[in-house]
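In the two assemblies presented below, subunit A is common to both, partnered first by subunit B and then by subunit C.
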Partner chain A sequence: MRVPPNVTTKVFNEALRSFEAAVGKSWVFTSEEDTALYKDAYSPFFGEPEERWVSAAVAPATVDEVRQVMRIANQHRIPIYPISTGRNLGYGGSAPVYSGSVVLDLKRMNRILEVNETNATCLVEPGVSYFDLYRYIREHKLKVWIDCPDPGWGSLIGNALDRGNGYTMAPYRDHFGSHCGMEVVLADGDLVRTGMGALPGAKTWQQFKYGFGPYLDGLFSQSNLGVVTKMGFWLMPQPDAFRSGTVCVYKYADLFKLVDILAYLEAAKIMTAMTRVESPLLYGAFKAPPPAPELIELRAKPGGPTVAELEAYAQQTDTPYWSVILRFYGSAKLTAAQWEYAQEKFSAIPGAKFRDGDFYEFPLSDAAAEAIMDKAPLGIPSLEAFSMGGRSPVNPSPSQGHIWFSPIIPMSAEAIHECDRVFRAAFKEWGVNPLGLPLPQLYHERTFFQIYGFPITRDPEINRKNRETFQRMIKLAADHGWGEYRTAPAFMDSIMDVYSFNDHALRRTCERVKDALDPNGILSAGRYGIWPKHLRKNTQ
Partner chain B sequence: MNKWSYCVIGSLLVATAHADSAALAGKRVFDQWCWSCHGPGPDKPGTLGLDAKYQGTVPALLEQRRDLNPATVKYFVRNGVFMMAPFRKTEITDAELDALAAYLSHQKR
Partner chain C sequence: MLTRRDFCRTTSVVAASSMMLPNFTFGQASILPLYKIIADENFELSTAFAQHAAARGANVHVGSSDITSLWFHDLEPRWRHTPLAIAGLTTPEALFCLEQLARDHGMRVVTRAEHRMRNHEVIEHSIYGPSEVVSCMDYGCKTTTAWPATVADALLTFPSTPRLFTTTTIAQNVAREQRLNDTLVSWLIALPHRA
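Let's turn to the complex of A and B:
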């Protein structure tokens, strides 16, 4: 058995006995075999001394048990790290930021407490996954949709608290933004409900976000100030129909109008779904077949092809320089009108072409839902994303996981070009070649995410180089005004460091709140760069 | 038929029923935890990976394999492999893992 840092074996044993009394002996894990299951499977420090380790895990089944565990941990000064489903792979998984912490595993708290079809809301516990809620909704034939991130086994609560995102219409795909009401256990075991939940017997906990007084919810996302044990969400009412279509443009300069029109349609709520700007010419479209040999040859031309050469190829072969898939939710008539209107707008780009895409009417049978290849825009959870980097006919050497560098950039063609230019030049200078989806993703409204991926390997030298590149990208991005939205524990301090306005006032403020709510500093030390007083370093 | 025959038949029926219910429990675990990666279809990364690995020499679908034994199943569930992360005991308990291992090994009969 390993003991957390700064805790004696005697005190730890006392705490473990109290944990066992609180949750039952079989739900306290201390053996090497069991605690190893809590290591981050996608750790960029795999096999190195910095790889995070776990001293024990405690798995309560109720809010009362969580409160007892927190009181015990607070009394004995035991570092605690809550996880929900523990499947936040690429962002730390089930491992703590501070090595030696006891993981508070909330997977057993897996009750779907309410799904209100009329108001399109739900209330769930942290162990409920997207798969769980999806299955429940289908089983009960409810006319609501979930919005899921790439991996369907994630927790609604965990993903929302980490400010994850999905693929259906705004605002539902902003998972934190679409939550409504929380129940939170504080470090000392106190219990708080936010929003209308603070009013005993409130009838609108999952309907009205703000309640009365300061809005506290944000404090519990990407932080370490409480253990969220219940959370409400707004669900999307099942539409009658879904329709998609692709806009294709053929000149380099068309990107400017393409993005401007897309931004207008999004802000005006005419096209509200997640999408990405693609370049079939430069990179190939998402899930597209491999490019023609002539295009491979053109892309590989020494010194790179000229814009004129690329445009000529685009025209000759009907290969778009840029393209965007638009997705619409509503009725057959409504989505047809939205698509028609979008085409009118994009027709301002000379030579623009339009391709009709998928059309579905709902409800779908189980078989029809399963047959759909692009499930996420329809709120159908899957694990397809793990094909990326996994073994396949085109990838005989699978990786051991991945991490993502995802700075937020403005929603403009200028920003896309600048980001591409800056990172392309840097990669050349550094001699690196990250995995790429080097094209902007419209996960959140009014901004683009640029996503660069790094594989996790079993070779410490490759992992070290990738970490080094990641660290350099954080600084380079920040120098240009682009910041990360979310990250793995290995990079939390570095990213918090670049959010440095007014001598790191954001971090200093978070630390003051941390000291007030968790004076013993037991809860999720280091998460998102916020450390308790006794572990605080000057990391500027 | 004497009373011993009845007893033997009765025992066999009980054993079969027990095996069936164990298989059902294992199938439930498979459907809950494994199917999304190892079910049929081109969007199942586990199936895609095993298909690419074995090139048809063994079935890509775990439920169609005849060569799995409980120890192998348990090893991969608790250790993971490549992109597949291990499963904790709060996700798949030891008892559920026994049922899953029996179910996937049961296929060979």
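Let's turn to the complex of A and C:
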């Protein structure tokens, strides 16, 4: 049995016995076989000494048990790392930031406490996955939708607290933004409810976010200041219909107006769905068929094709230089009107073309939902993303997972070009070639996420090189005013480090809060670069 | 004539008896019942595996590489009540998903093998599992090149109380129709046997 750092075997054994008394012996895991399951399945340190390890895991079933576990951990100074379903793949999974921590596995707390169809809200525990809630809603024939990430097997609470996002419309696809009310166990076992939950018997806990006084909810997001044991969410009322359409433009310079109009439509709440800018001409489009041989040849031309050559090919073959899929939710009439309005706006771009996409009316039968190709925009969870990463002619060496580098850039064509230019030059200089989503995603409103992926392999040398590249990209992005929105534990310190305004005032403030709420520093040490006092400047 | 299946069932007894474990009793070793055999319709050798299993009376599912529907409509509703063992010959990605999901119900991958071409004629089976499974694979690969059927037999005769686990690699010359363009994995997911 391995013991957490700075804890004696005697003390750890006492703590384990107390954990067993609190949650039941069968829910405390100390064997190598069991603790190994909490390794990060996408660890960038696979097989290396820095790979995060777990000393034990404790799986409570109720809030009272969580409180007891936290009191015990606090008493014995045992480092604890809460996880929901542990499926935050690409961002750390179920492994702690601070090696040797005891994982607080909240998967057994999997109750859907309420789904209110009239208010379109829900209240859930951390172990509730998107699939669980989707099943509940379907079984009870409720006219509400979830908004889920892709894949959809993670926890609503876990994903929201890590500020993940989805694929339907704003505000629902901002998972933290669409939460409403929390219940949190603090490091000393105290229990607090935020928002209207702080008023006993409140009838609007999942409806009015702010309650009274300081709005504390953000403290528990991407942090280590409490264990969230309940969370409310605003759900999307089931629309009558969904409609999509694609805007296609054929000149390089059209990107500027394309993005400007997209930004307007989003800010004006005409089109608030998740989407992405694509270039069928340069890179192909999501789930599109493979390119024609002539296009492959053009792209591979020594020295690269000229813009004129690309534009000529685009016109001759009706292959858009740039495109964007727009998605609308509402009634058949409303969505048709929104799509028509969008086309009016985009017609300001000479030569723009429009392609009608999907149209569905709801509710869908199970069979019809199953048959849909692109499920996430319809709030249908799926694991298809994993089958897409398999070996294929375009992916002859599939990885063992990935980590994402996700800087936030302004929503403008200028920013897209600048980001592309800066990173392309850097990759060339460094001799690297990360996986690419070469164009940005509209994951959150008002900004683009430019996403680069690094494969996880079983080769420590390749992993080491990828980590080095990632670290260089953090610095390069920061130099250009682009920061990451989320990251894996391996990079949390480095990214917190670049958010350095006023001598790292953000981190210093977080540390002050940390010292107040968790003076013994037991909770998720190091998460998002916030270390407890006794471990500060002593990172792994 | 001793069939491969007979061999596997016999071997499981022979292997157990040779271990001389304190709790060992002579007799036919019991076989772990499997709820379902899983195969991927995109791979001929995986469907051949399933056909062989079906011919042996197994309940089979031959579906897409995306296991969402299988898990959501079939496995998960059952696993919530009873952790039923399953086995398959699929892509590594499908196994990854099933392994992660099965963990929520206390189940583990208790045997796995990776099947990939070493060169254009030789397939390599890298196996981790109970000695019974390994022996069955070894015998099967020496007697036939229809290795998917061998894999099916090995999984269908998985002992309910496996004892000695081992790792081995078996190289096998195979005819064109038994060659792989991709890596496939065979596996069995069940509640771990704890002594």
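Miscellaneous remarks
Just so we're on the same page, the second predicted complex is superposed on the first by the 530 of 540 C-alpha atoms of A that agree within 3 Å, B and C clash if a C-alpha of one lies under 4 Å from a C-alpha of the other, contacts with A are read in each partner's own complex, and residues count from 1 in each chain.
Convention: a contact is a pair of C-beta atoms (placed from the backbone, for glycine too) under 8 Å apart; a residue touches a chain by one contact, two chains touch by 3 or more.
Computed from a predicted model, the values in this text were never measured in an experiment.
After superposition on the shared chain, subunit A has more residues touched by B, the comparison being subunit B against subunit C. Of the two partner chains placed by superposition, only subunit B is touched by A:373; subunit C is not. In the superposed model, A:188 makes contact with neither subunit B nor subunit C.
In the superposed pair of complexes, A:42 makes contact with subunit B only, with no contact to subunit C. Once the two complexes are laid over each other on the shared chain, residue contacts for A:153 go to subunit B and to subunit C alike.
Of the two partner chains, both subunit B and subunit C are touched by A:387.
Legend: residue contacts after superposition of the two complexes on their common chain; A:59 is shown touching subunit B, with no touch to subunit C.
Under the contact criterion defined above, the residues of subunit A that touch both subunit B in one complex and subunit C in the other are 33, 37, 41, 85, 87, 107, 131, 153, 370, 381-384, 386-387, 389-391, 398. Within the complex, the subunit A residues that touch subunit C are 33, 37, 41, 85, 87, 107, 131, 135, 153, 370, 381-384, 386-387, 389-391, 398.
Residues of subunit A that touch subunit B in their complex: 27, 29, 33-34, 36-38, 41-42, 57, 59, 85-87, 89, 93-94, 105, 107-108, 127, 131, 152-153, 370, 373, 375, 381-384, 386-387, 389-393, 395-396, 398-401. On subunit C, the positions that touch subunit A within their shared complex are 64-69, 71-72, 76, 91-94, 96-97, 100-101, 103-104, 182-183, 192. Subunit B makes touch with subunit A in their complex at residues 36-37, 41-45, 48-50, 52-53, 78, 80, 82-91.
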